[in-house]
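First up is the structure itself, then whatever we jot down about it.
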Amino acid sequence: MTTALAATEIVSQLSAQFPGAVEEAGTDAVLVKGEHLPAVVEYLKTAAGLKFDYLNFITAVDYYSYFEVVYRLTSLEFNRYIVLKTRCYTRNKPSVLTLTGIYQGADWQEREIYDLMGISFKGHKNLKRIFLWEGFDGHPLRKDWNR
Amino acid sequence: MEPISAGALDIIQPTYWPGNYWWHWLFYTVVVIVFMLVMVIGAIYFERRAMGKMQTRLGPNRTGPFGLLQPIADAVKVLLKENIVPGVADKIVHFLAPVIAFTPVLLIFTVIPFQNGAMLADLNIGILFIVAVSSIATVGVFMAGWGSGNKYSLLGAMRNVAAVVSYEIPMVLAILGVVMVTGSLSMNDIVNAQNIPNILVQPLGFLLFFTAACAEINRSPFDLMEADSELTAGFHTEYSGMRFAMFYLVEYAEAIAMSAVISTLFLSGWRGPWLPPWLWLIIKTFFVFFLMIWVRTIMPRVRIDQLMGLAWKFLFPLAVINLFATAIEVLAWPDASQWIFVGVNIVLAGALVFLGSRLFKTGLGRVEV
Amino acid sequence: MKFENFGLGIVKGLSVAIQYVWRHALVTQYPEQRLNISRRSRGNELVWSRERCTGCATCAKACPQGVIEIVTATDMTENKYKVETYRVDTGYCIQCGLCVEACPYDALFMGYSYERAKYRRAELVQTNDELLESPQRPVSGYFHPDIAKKLPKQTLLIEKIVEKRK
Amino acid sequence: MEIDENKDYIYDAHELDVHEGQIIEKLKANSQKSIPDPDGWLDEDIKRNIVLTSLDWVIDWARRSSLWPVACFPACCAIEMMAVEGPRFDLSRFGMEILRASPRQADLMITAGTLTWKMAPNVQRIYNQMPDPKWVIAMGTCGISGGIFRSGYNVVPGYNKIIPVDVYIPGCPPRPEAVIYGIQMLQKKIAKSKAVPDLNELPNPLKKGKK
Amino acid sequence: MTTTQELTLKTEPFILNIGPMHPSTHGVFRMRATLDGEVVTDIEPVFGYLHRGIEKLAEERTYTGIIPFTDRLDYLSPMSNNLGYCLAVEKLAGVKVPERGEYIRIITAELQRLANHCVAIGAMFNDAGAYFTPFLYMFRNREKIYDLFDMLCGQRVTYNYMRIGGVSQDLPEEFLPAVAKFLPQLKKFLDEYEFFVKQNEVFVARSKGVGILSKELAINCGISGPVARASGIKHDLRRDDPYSIYDRFEFDIPTAENGDCFDRFYVRVQEMRQSVRILEQAIKQVPDGPFRANVPQVIHPPAGESYAHIESPKGELGYYIVSDGSIAPYRFHIRPTSLINLGALRNMVRGWKVADLIFIFGSIDITMGEVDR
């Protein structure tokens, strides 16, 4: 059974490693500040007892007042998963740090989020539209996008 | 059955049968062209029905009784379609390619004996003429690939040139084996000398020739030139209408030509009990053609570097050894009956195939990039 | 490329392919031989029964695309709204069957026949009386088990290849 | 084998994409109205005034009994197209199993799948590359009207927006028998089309400016 | 072990556009391959030719109205998509599915895995060049499974069969005997198919050692399903994170070591045998009783988010749904198994020839509906 890594246990470990990185810890989701994200993910991937080496998916949700980018990592060895979230509060040109350095699987999913949601990923080598054509105006998955 | 001396048969079938040279030429030209067209239409129908049956489905059976008019419908439709020449294409080369690809195939049929001595030209260098003429078709195919200005057809044409060059050698060496046993190059003499069909006398020769012929005429498992799963439609991607009909004709005419050559060289052409001799030739041609269809049904395509590897590392050594062994046999027992050859050659073929497949290995085909 | 077992693999493949030559080809030659399609088959049209329909438009709400256009009278006569127009564009309906499932009065059925190709785009739109049930427009047993029982049993490729001519 | 990393080919990927984007925008702008169905022959057929010479009949017979479909398989209807080509509902009985991959040799386009605006220029180019006597069958609800994805921002509401469609087969996806029924309807249409243009209707090049 | 052949001839690379409409790109997938002669030096995939914007359209439809969408995502295995979506919404709305509904779902999902692997293996042979024969042999079984699904829900490809809380209609009485009759036929066919194909010299030559995907690269790219198991990753959601009632059946997970095209083919054949084993156990234990929890057609799940993933025939298929309490989901995201499985295509293909590029792409078995959504 892929058990969720208890948020409380991980939050203490993370705030010890990266002071101020964790904003709050929901039931099984950990809210991380944007600029600490790659460091936290790197730590989760390489730490001895954690070994979150498998990135399930990345998606983004538009909550009108802020954008939330959701990451789900799984550790194949210990059969555990954890959900990380970051928020960016600006509506024009929101941006998050990229994870392509850590997971190669993140490349196209980040391009998809940039294409459909408009969140740009700083440090992504090839950030272009993946589904729509270059001249398409706007990002369709935003709540305020009308046809 | 002792060989029929040419003289005895003059009463039935003088070599220049209708007397005057020109009548003979006219009669046989008509025979060759009609034979080729009818056989190609039969081949198209036979292939689509046979492959259909082997794939648990039926072939075309709605146009005409049992679908017999399907190839005719295809021909009429394709001839009447609009002829599109791409703007990028090199017009003259694009126009000439099907002509140059088609004429050599027609020439092969001139030398194939329908009956004892009954062929357009009883050349005494018959088989050499066939080998020489059949490699001109490659020029036509390459012109098609280059002329249509399309990257896919260029890739297909380049592959064709590479394949035909490599498979010419095992093919010729396999023919040499047969020529050495019969002692003459003329197709008619080859057939007359075959009291035991050469497939028994030269089993390895038959295998090599069949494989090399399949590679030359772009039949599976070597159909890299018109590889429809990789290069959309290979070298004739940009051809439509009449010119595509010519290429479609070339594909099947070459298959029928090679089957006729194989049945003449290895299955003792028109010789056979009860039925009239020319009917035997047609039956044997369709049998060899069925072999090609049968192989095409199940075999995936070979990659281009494996194609080369197979030609140079597997067929070529075997062909040389086979030639060498045949030479020794012909010298050692010049007058003995050929049944000794049969025994020795079959054992030799088994040993060579076993040894060859044990030693044969091509590289992995990956280039460090 | 290695011949591990000396061309035996090719011979095996040839032997399997040749066996199908004398086996029966599993083809139903469509225009002449026809299969009994499934009893719950969702054919390419909707069948609507005017008597049972009360004009409640639950089907129009349940349709994900809004294919069904229904216009009813405003007043209720013996607790039914008289339906003036009931239009379905079969070129736009995807036959997902959610409307048949949602209809509380079993007034809507899926069609049973599939030969509905047309030359003109306009002919695909069917309004009121063209939607009623008729011998040319049989009814399928999708979400109607009683109708399904009356339909012929389905021809399964597992059992037999083609429906024997009766 | 040294390949210089700074790829200085004729055009780089971004330039290609921008150019493709412009083509799509231009196509999207001028294909809002759907192309009228080529059904002129249907009215004449009802009025019984289609007269076919025997040559017409032979050419029509040849054309309708060897229709070669082009591979146009975007989405789920492609699975049903495979089933039609498959062993149970065998399309090769109609002589149609030669699936020409290149549009040059094909004469029937069965549009098996949803058409998106990004794909529309390619489908139009394939249609234009097909040699002349060519027909189109709009297979499936997505081909007729965009179907379940009609309100999507990237979906063309029906193939008849960009290419003239001869036969519409509803269904999502239509059963293989429905596809064969549609193909037979197309064959009826071809059987009635005039293949050989009669001479007096052709513009006479000698008479200047008359016709 | 890759042997390096140093090409002495300096050839000028050219870009070959393996365009959206290509006979063996399994739909509308486009690759800009940079070729040096026959050798592929670089490919740049272009997506979006089948992007229908399902995630945007789903935000305007009720939870039951989305089920026809999930049929059209991975149109080679719609039943698995339905199952994944229904599990996600049931987790969100807290609906308990009755026993009979669970068993019907498992039977249909495993039948769908058989049907999907049929086309996957058949299409792979088509890309290798075998002229449709292995594909048509495999398609016969898919036709048999079409009949079974046609009997259940009336459609051959887009089933729209599962509902939130169970399935839409009960099994007809002749369904289970038909499945019981189908399974031995399939086992006999699988043996004949292995005899027919597994030792074919040319197929072995084309697939052994071609397009190797190493285990670390597969994990790093997030690859799942038969492609990952062929590279040695022993991860199968039916065993590691058992959803619905998979923990009641015993079956094993076939894996292979060196992750080349042959292993991907052979893992799929073995997976078909395991699915037959599961089906044999499942059809014996189907209980009677309700097949569907009583859930209205339009439901209001509580506000919140949920993610449920299943082992679809292509890999880990997940649905991430955020609901704000209304009748339509606030955000509907699908974990695209095929898109993520393609992540390592560039590393697997560089250095191989054009023929291998097509064959390796075919061995990953993707469906464009799931890639572009």
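A, B, C, D and E label the chains in the order they appear, each numbered from 1.
Heads up, the rule we're going with is that contacts are C-beta pairs under 8 Å (C-beta built on N, C-alpha and C of every residue); 3 or more make two chains touch, one makes a residue touch a chain.
Computed from a predicted model, the values in this text were never measured in an experiment.
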item	value
Set of chains adjacent to chain B and to chain C	D, E
Pair joined by more contacting C-beta pairs (B-D or A-D)	B-D
Chain whose average C-alpha position is farthest from chain B's own	A
Most centrally placed chain - per-chain CA mean versus overall CA mean	E
Approximate Å spacing (C-alpha centroids) for the pair chain C, chain D	25
Chain B and chain E: spacing of chain centres that average the CA atoms, whole Å	43
Chain A: positions in contact with at least two other chains	129, 131-133, 140
Residues of chain D touching at least two other chains	1, 3, 17, 86-88, 90, 93, 101, 118, 148, 151, 153-154, 172, 175
Junction residues of chain E, two or more chains touched	7, 22-23, 36, 41, 48, 51, 53, 56, 68-69, 133, 136, 140, 143, 158, 196, 200, 202-203, 205
Chains touching one another, given as label pairs in label order	A-D, A-E, B-C, B-D, B-E, C-D, C-E, D-E
Chain C residues touching chain B - in the complex, by the definition given at the top	1-4, 6-7, 10, 13-14, 16-18, 20-21, 23, 25-27, 29
Residues on chain E engaged by chain C in the complex (per definition of touch)	61-62, 64-69, 133, 140, 143-144, 147-148, 150-155, 158, 160, 168-169, 172, 174, 178, 181-182, 185, 192, 195-205, 297
Chain E-touching residues of chain C, taken from the complex the two chains share	1-5, 7-10, 12-13, 16-17, 26, 37-42, 62, 64, 94-98, 101-102, 110, 140, 142-143, 148, 153-159
Chain C-touching residues of chain B, taken from the complex the two chains share	50, 52-58, 294-295, 297-299, 302, 306, 309-310, 353-354, 356-357, 360-362
Parts of chain A lying in touch with chain D, wherever the complex brings them together	128-129, 131-136, 140, 147
